[in-house]
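Structures incoming, each one as structure tokens.
In what comes next, subunit A is part of two complexes: it sits with subunit B in the first one and with subunit C in the second one.
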Partner chain A sequence: MSTIPIDGDTRAGSLLDSLSELAMRPYRILRGNRMGEVGLVILLGLLVLAMIGPAIAPYDPATKDINEDGTLASNEGPSAEHPLGTTRYGRDVLSQLLVGTRSALLVGFLTATIVVVTGTTVGLTAGYYGGWVDSILMRITDIVYGIPILPFAIIVLTMLERSIFWIIFMLGLIYWRNCARIIRSEVLSLKENEFVQSAETTGASAPRIIVKQLLPNVLPISFLYFAFATGWSIVTAASIAFLGFGDPTRVSWGRMMFAAWNTNSVLQQPLWVAMPGLMIILTVASVYFIGRTYEQVANPRLQGDS
Partner chain B sequence: MTVLELDDASKFFRTQTGLGALLSRDQEYVKAVNDVSLQLDDGEIVGLVGESGCGKTTLGKVVMRIHELTDGEITLHGTPIEEYGRKEYFQEVQMVFQDPFKSLNPQMTVREQLAEPLKVHGHDDREERIRESLEFANLTPPDQYLDRYPHEISGGEKQRVAIARALVLDPSVIIADEPVSMLDVSIRAGVLNLFRQLAEERDVTILYISHDLATVRHICTEIAVMYLGKVMEYGPTERICSTPSHPYTERLLSATPVADPTHDRSKVVYDEEVPDPVDLPDGCFFKHRCEFATEACDEEDMHLRPPAKAEADDEDWLMACHRAADGDLDWETIPSHNL
Partner chain C sequence: MGAKGYIARRAAQSVVTIFVVAVLMFVLFRLMPGDPTAVALSPALDESVQQEMARQYGLNQPLHIQFIRYMASVVTLDFGYSFFQNEPVRDILMRRIGNTLLLMGTGLLLAYAFGTSIGALAAWKRGSFDTRVLVSAVLFRSTPVFWLALVLLYVFGFHLEWFPIGHMVDAEATYSGFLDKVFSVDFLHHLVLPVLSTVPFYMAYPLLLMRTTMLRIEGEDFITMAHAKGVRDRDVFAKHAARNSLLPIVTTAPIVVGLAVAGNVLVETIYSWPGVGRTLVQAVLQSDYPLAQAAFLMIAVIVIVGNFVADLLYTVIDPRITYD
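Right, the complex of A and B next:
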């Protein structure tokens, strides 16, 4: 398991050092792996776009551009003014694309946070306690596995409110299931290690054993599921938006595609639908690259077949 | 003074659990530990030997309260162990596990491994205790080990760390379950001597569980031989090893490898299977495999009794065989005994 290189001299340092060491660990794993590095560079680029996107966007994504002759600049192809053309309603595609980055990453990262926190907690609790606690938690997981996500999301969003935060909440509420199962099975095998029994025979409480002994050993898996959940949730949120149930107050890639489809503009202005699609693929691919690299390192059996 | 006492301690496991247990009318039990009585005095190292599956590890886990006692009683300093709070009990009784590769948390430095029990017990003088423990376990200077992770030290050093971890709470009893079986032969003696040192210098009582008679002989003051959850023979190490009197003890000893190529290796190989611990026979559990067995062995129970020929200094010598205790076994008839 000693594939994570740890420099012998830095370890004796202060808490700050050990914290920065922990923070650098995901990066150190990616270093030297081409796929992981590419993923990281793309993701960092997207993060920058998410932060400054609205500021560098050449137009307000909602402003309709009127031609000099007074007509709407509808479904125009690429030009110097509009590098990616305009929408049916004369809005700048590039600006929408830039502004939409923020919603995508917001959905991705917030959902992944809910997924990892819930999944890790459920997995650790079920795996460590076993017995009826395990039975109940795992039956709940089974039920969540049975929920078809799109119909469920559409019904709930119709009943409640079509807001980005409800979408995040719902996706988080469903996608923790994979994480919980994998972490539980990992805990079941970790539990057989005598260091767990050794901690039990000091009189340590169950929550203490979970946090001190088990959690550090399953964190690599949590990181992995953070990456995966980011990808799943961006794709699903885009699907929800494409079906017309996205947050109407926000510009998002999924809603761009929905609008292009809805106005029959896919053939006239292919960039309107292709560019957001490309961005989704790029984002999801970057987190998957990172996830795959991480998986290879966290699971020594996968090493060497990259 | 008696520190740890087992009085007819038994541990049975259900063969069926969950739904099966609710549905089946006759519950069956695996009788892993069966009426075991032992007395451990302070500074004594008692070896618990037997083949695998004889219940010796289960017995250790019962003492560690990992398993609950089915029947009988275990007392520590005269008080039943259930009456201790968990922390209070584990302050006194600690365990060293078999596999040092699994008994240390791979994500913790040596310092963190040793600090954890102290934090659980709310000790403030952690750094001193940790250093003192490491020094006792011969991991010197401690500074060289404190900040290392388990994968950065050798197997022998790992087991020393595990021993040091058991010592930080300053227990009066240590249960050592096969503590050297995973270690390289060349470093076993060093770890074994550590246990002896613990008993001699710190008056720690040690229950040393092993299938390896060579190591048991090396450090134990007394030996208990177990078979199918029962103690078959108990006595001072010298007694048990030089003049084994119970047929099973004799068998176990004759199976120990001897480092002598001219040694006659003829030994009896059993045809009979070990009885099923779910369905134990009446009378003696060993009778199927014992060449001395008579009809009386179906009747006679297996309580421990002193042998008739016991001398004055053999007062702790006990065996569960009525024939051996009466001294009417003719050892000359057994090939492996005439080596």
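Right, the complex of A and C next:
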């Protein structure tokens, strides 16, 4: 005997199906699109670097190199021992660059996870329930839109603690706003659809409708915002670090540039500034390329935020 | 509800937002680990001076009294004296807000002018031009403002020495007033590098959005109709397609203003531009809390007013809007 779905589940597919579909769809979409493929290859390369970076780094990024005559190997140009030269304090630029990959991707992906989980939940709840629930959630969203993130970050990190945890937490707690608004408006139009209304008439509960009917349909948007939020948070975290409010216990591209700027080394050792910046551009552009390609193919109606 | 009611409600919401952000600041500044008076007052100061300062700033009052005094200071814009510069916070900020708006306004103006026209052209021409524009825009959007600022400073400031490396005007130059200064060649010379550092980052968003909207509009009936009527290509482009693509550009302006606020903090810091953003960073680093608090609130107000103005423009531009 075959089971007959009575609440319209088949229409939207089960969550597990749509999750696996979601995992495969970006790949299928990116294949054959030059921009998407380039983005994917770069991102995979960076992921590998983030994993093995500290292992293949030629030096400990914190070790000061002392010359034979006992002086510090300060702000040296590229050489065989130091392919990208040294910092003001005689540390190896290449090693810092390699080790810094991990911080950037960690901040990017963890922040994006908070953004997408919060944004999707708020958007689904506000859009589906409407009424006062919607009003309250959207007023909160408006208020979050009023917070200038970089100035806010500087103050929060000074008052609490300059740690990677607080940076991720704070960026996540602000950047969900765009995602929530877009998902809410998508839910508003989905609600008018036949399959949601038939589920309602068969007596499916609100959480069930949200999870089974609405969520699978907004997941592509969530995925898109995951990509965008990764980019935004990497750039913002680097800006925070450049101003001197980064996590002092971690090697990061933003902190490298902060140190170079703060020790007036930009002129003597331009690579110390140029390379971390180029790594940020590479990383962020790769996720934006993936996002844009996915957006064009998966949902041409969206007006991208990248 | 009519347009007036809608605008009034958005205005009220903006005021509430400012209020909530102000409360948030109060809470944050009291979350500091340890005794706030110990952080705010330098132990190097004389004991009696410390007590006098604590009294003056109300730091020895119970929390609820501090809160009332704080909210009163927000409403009256009287934030007391800076810890480090013997001057009222309000005077310091009033002198600098113009500098910030000038830099930010120039950057945004150029970004929107270039962004919308290049985006529209890319959608109109398509093909390889479009692809090149698209890839450049994504790269611009990925480039941190502070990094570009450092690169431009290095190349055009230090190496080629084409432009000054900081400040708004020459140290020796004297001007009779703000306008006199702003309309001088000296000032424009100082403005070039900071503005060039921000424009690519700001313009990417309107560019991509304009392009997407144009592509969608070009497929619509009224464009086909205009072509069929024999309207010149140029006119279809400018008067029909581009003009109708401007609406989303206006409605998303707050996002770009948000980017610009962050960009300004960075560029002001790098180019020693005497604006509110640089003031905030310095005040936070020096633990000059009255100044930091007020500078932050001022920046937040710029963002919130920006959001409100976009709402206003929206009601003016699109008569189809429903006010719900």
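Here is the rule we go by: the second predicted complex is superposed on the first by the 277 of 306 C-alpha atoms of A that agree within 3 Å, B and C clash if a C-alpha of one lies under 4 Å from a C-alpha of the other, contacts with A are read in each partner's own complex, and residues count from 1 in each chain.
Quick note on the criterion: contacts are C-beta pairs under 8 Å (C-beta built on N, C-alpha and C of every residue); 3 or more make two chains touch, one makes a residue touch a chain.
This one's a predicted model, so the numbers in the text were calculated from it and none came from an experiment.
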item	value
Touched partner set for A:W261, first subunit B, second subunit C, both or neither	second
Which superposed partner A:V211 touches (first subunit B, second subunit C, both, neither)	neither
First, second, both or neither for A:I149, with subunit B first and subunit C second	second
First, second, both or neither for A:I52, with subunit B first and subunit C second	neither
Contacts of A:A274 with subunit B and subunit C, given as first, second, both or neither	second
Subunit A: partner with more touched residues, subunit B or subunit C	C
Which superposed partner A:A199 touches (first subunit B, second subunit C, both, neither)	first
Contacts of A:A285 with subunit B and subunit C, given as first, second, both or neither	second
Partner chain(s) touched by A:T236 [first = subunit B, second = subunit C, both, neither]	second
Overlap of subunit C and subunit B interfaces on subunit A (superposed complexes)	none
Touching residues (chain side subunit C, partner subunit A) in the complex	13-14, 16-18, 20-21, 24-25, 28-29, 31-32, 134-135, 138-139, 141-147, 150-151, 153-154, 158, 205, 208-209, 212-213, 216, 248, 252, 254-255, 258, 261-262, 265-266, 269-270, 277, 280-281, 284-285, 292, 295-296, 299-300, 302-304, 307
Of subunit A, residues touching subunit C in the complex	35, 139, 142-143, 145-152, 154-156, 158-160, 178, 231, 235-236, 238-239, 242-244, 257, 261, 266-267, 270, 273-274, 277, 280-281, 283-285, 288-289, 292, 300, 303-306
Contact set on subunit A toward subunit B in their complex	1-2, 6, 8, 11-12, 192-195, 197-204, 208, 212-213, 216-217
Subunit A contact footprint on subunit B (complex, rising order)	64-66, 85-91, 93-95, 97-99, 102-109, 116-117, 120-121, 147, 149, 151-152, 162, 165, 169
